[in-house]
Amino acid sequence: MLEALTWLLLALAALFFSAGTLGLLRLPDTLSRIHALTKADNLGLGLAALALLLHAESWAAAAQIGLIWLLALAASATSGYLIARRCLLESHGTPASTLGAPPPGAPPT
Amino acid sequence: MNATDLLLALALLLLAGSALLARSVQIASVLFIAFGLLLALVWVRLGAPDVALAEAAIGAGVAGALLMLAASEFESRRIGGSRAAGPRLPWPRPQGWRPRWALVLLALACAAVLLLAVLAIEPLAGAATEAVARNLPQSEIAHPVTAVLLSFRAYDTLLEIAVLLVAVVAVQAAPAPPQRALAHDPVLARVAAITVPLALLVALYLLWAGSSRSGGAFQAGAVLAGAVLLARFASLPLDPQSRLTRPPVLALGLALFILIGLVAGALAGAALGYPSGWVKPLVLAIEAALMVSIGATLVALFGGSKTA
Amino acid sequence: MSGVSIWLPTGSALVLFGLLGMLLASSILRKLLAFNVMGSGIFLLLLALRPPGPDGVADPVAQALIITGIVIAIAATALGVRLARRYFELSGHTELPEDRAATRDD
Amino acid sequence: MTEAMTEALLLPLLVLWPLAIGLGLYALPERASAALQVLGTLVLAGLIATVFATMLASPEPLRAALGGWAAPLGIELVADRLAQAMLLLTLLVYAAVLLYAQAYFAHGSEAAQRFWPLAWMLWAGLNAGYLSADLFNLYVALELVGLAAVGLTALTGQSTALAAALRYLLAALLASNLFLLAVVLLYAATGSLALDSIGAHLAAVGTTPWYAKLALALVLVSLALKTALAPLHFWLPAAHGNAVTPVSALLSALVLKVSLLIFLRLWLEFAPALDLAALGLLLALLGLLASVWGSVLALTQRKIKMLIAYSSVAQVGYLFLPFAWLLPGGLGAALALEATVLHLLAHALAKAAMFLAAGVLVLSAGRDDLVSLRGAVAREPLAFAALTLAGVSLIGLPPSLGFAAKWQMMQAALLADQWPWLLWLLGGTLLTAAYVFRVLRLAFLPTPEAFEARAPLPQRLSLCALALALLAALGGFGAAALSDWLAAETLLWPGSGA
């Protein structure tokens, strides 16, 4: 029973990951690509984490898996947002050069 | 041979090849980062989690980011901010390669000979490996990799930190081009405010764990550098005057390493040795100083300058 | 140890890729990238030639050597990238004069 | 107690001390710089004197196991007579170059701030390379040397120097990777990283596996690239010719030599296990090619420092010539080894002196082409004398150290009954004389008026160059003693006679 559930969750996760990747490769513009990536991949990761949770050895291990998922969610949401904002600024004619701009704390020379 | 390894190996080669042939260096460096992360997985498969941590943090992360930073700077300046004209190809097209067939043939021949050689070598159990296992209790360090890095072959590590410092001194001698400030972003600032303390915590954990498990000063230093850089991107008030990248901080780790190596070494009867019973605190002190200096070094390599 | 042997051809191929890149690529950044790929291939060979023991843990000496090598490679890469940036700033070129032939690379 | 402490710390201090001074120069305020360096040099001189004194007491090489872990688990440092000769040479060259640089950088250069720490860390790397008896540690030491050298090359910050530094870096990185690959092969095959246990293992196997030869070939290509043996010299002239003068002197005198010394060590270690006769012949032929090609190119140069840099390409060729006879059981092996070491010392002293003297003339003329030499006799007589004396050693006229080296080379060739090499040696000498005289002739021409207005340079600059040049030019008198001293320790294999 547990095995079957794990496999089901993993298969679903794989499905969502493939969908997200397909979207990244095939969708026409940056914004929809981000959409595909962040949404589908986060769900896929969540399902995979859930499958692993079923096999967690202890509550501490389970909490770690949960924490990893949360952090990955935060990271992908933030980076998705940043890319989207860049994209928006760029379409308004702001130069693309800020992408590689070094951190502001470091002054010239 | 199992299917997972085969798949991993093929993906690794594919990523390496496409990184080298990519249309632009920006794309190449993104592919290189992916390559490095996959390589970290391979290290885990081969039973080397310490290497995997170092690869993911330093090999893939820092190297890839440095290359990407430079590539996007080149691109933005060369064509005045607008993207390159011309069709975007679905598959990277090799550009700028002058087929020098003699060299290609030579390299191919070398690789073939190399492959034959590595297949012919019968790996020996090895005097060094056995010696590590035998002497581990005497070294008073629980984790074998840490014991090699900071006791058995501490001299290598010391010189390697010197190499890192030489790179920083040389990098600071060639000043970075003027840098544009990143606009303050409320969302990034909020996320960073949560992530940066967490990253600092992880760095400390990695440092502490290094004595008994995978982890250590290098991995911790890389995480520390990541935290500082993230704080900078988000304009958080961590290291606001670039105190971290000033010479005394950069030199701290190596200086303490040399000092302990000589003073404790004199007591122990051999340079870079530790008197028995003092190993754990001394190694931890060295690792802590190294973590700070390595973190500062990596930040400095990204563009901090001496006189902030 | 057939599980390990697949990494021998993989490592050799990475060394080949890196070697070709270092010899043939024109842009400095690409050459540095190729240097890193070649180094990864060498490290892969090192670990593949020191198969993990029964406990599944790889040779600690080899692991330590690789970690040292990774740090040295990053030092060299960082120096190269900064010199390349400075060179670009002064000359406007991303390749060395002898590589600045027909096609432009980035 | 003190004796045991000296034993334990002496050799490691030869590396750690210059490293610590370099750190101090980087992190401490600049006003401490001069005092720190004087202290650093004096202590290092004391350490090296102690090494010599200890060695005089016993003929065995000094050894130190770092951390108390003996090889193959730990890393051992070994100071044999080869290493000692290099330590002393490095001390002499550094003393002159550091004194020179103090005056040189007083002439308004911002590069000085970075020069000091990098130069001292380079010193640490060089000493580490001389002393290490561990294959992977040699790789790390070579990296320390390589990156410091690249950083020093780029110090002027001009675009030509940056391009030269980048080319140098990329060549050095390719070389390091090849070296690393060899380390991996040897470690996998023998399970050890200590030089002597690798050598012993290979010799014990009997029929040595062919991949050991592959590893040696990789090491050979790698170190030939770092030593700039033609046709792998492409990076050298621009790097040495475009660096600031004190850096040019360090690079040509010492950085080229450490890779050669490591190669020599590995050669001596592996020769009993592998049949190296063909490889030795190949090296000697490449050396001949280099000595001719470098001299021809030196003749065509228009900038004085480029001319001297191309001369290094030629002189490196001579360093590889004796490998043809440096074989176990080979006649003349001992002579060949002495010839290599003598030539190494001669070239290091003479070339450093030449660069330093040329730097004086370039400064005093305000331009860097050969015209700057005009009137050198009248303008800077001491610098001109240094240039002449260094030239004497480079050509190989008696009583210079260069003469002693070539003499030993000829003897080795005769002993091995291979006299045709002598013709080549003579031809090379003529070519060297041609470009040296090309330089010296200009010095007697009248000074162009444009040079006259310049303020006189401090005498110290010329004196530093002159000191090194004198050592090179008169070193021939001490060559016999030096040879005996080297021969007193069995550096070669048992059974190979002179």
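As written, the chain order gives the labels A, B, C and D, with residue 1 at the start of each chain.
The rule is short, and it goes like this: contacts are C-beta pairs under 8 Å (C-beta built on N, C-alpha and C of every residue); 3 or more make two chains touch, one makes a residue touch a chain.
As the structure is a computational prediction, the values presented were derived from the model and not from experiment.
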item	value
Most distant chain from chain D by Cα centroid	A
Rounded Å distance, chain C centre to chain D centre (Cα mean)	28
Chain A and chain B, separation of their C-alpha mean positions in angstrom	24
Distance from the mean Cα position of chain D to that of chain A, given in whole angstrom	54
For chain B paired with chain D, centre-to-centre distance based on mean C-alpha positions, whole Å	32
Chain D: positions in contact with at least two other chains	136, 140, 143, 147, 150-151, 154, 157, 162, 181, 187-188, 193
Residues within chain B bordering two or more other chains	69-71, 73, 75, 77, 114, 118, 121, 123, 126, 128-129, 132, 152-153, 156, 160, 163, 166-167, 170, 174-177
Touching two or more other chains - residues of chain A	none
Touching chain combinations (by label order)	A-B, B-C, B-D, C-D
Sites on chain A touched by chain B in the complex	71, 74-75, 78, 81-82, 85, 95-109
Interfacial residue positions of chain C with respect to chain D in the complex	15, 18, 22, 28, 31-32, 35, 38-39, 42, 45-46, 49-50, 61-62, 65, 68-69, 72, 75-76, 79-80, 83-84, 86-87, 90-91, 96-98
Interface residues, chain C side, partner chain B - complex	2-21, 23-27, 29-30, 32-34, 36-37, 40, 43-45, 47-52, 56-68, 70-79, 81-86, 88-89, 92, 94-95, 101-106
Interface residues, chain B side, partner chain A - complex	68-73, 75-77, 81-83, 175-183, 185, 187-188, 191, 194-195, 198, 229, 232-233, 235, 239-240, 242, 302-305, 307-308
Chain D - residues contacting chain B, complex	4-5, 8-9, 12-13, 15-16, 19-20, 23, 26-27, 64-69, 72-75, 111, 114, 117-118, 121, 124-125, 128, 136-137, 140-141, 143-144, 147-148, 150-152, 154-155, 157, 162, 181, 185, 187-193, 197, 209-211, 214
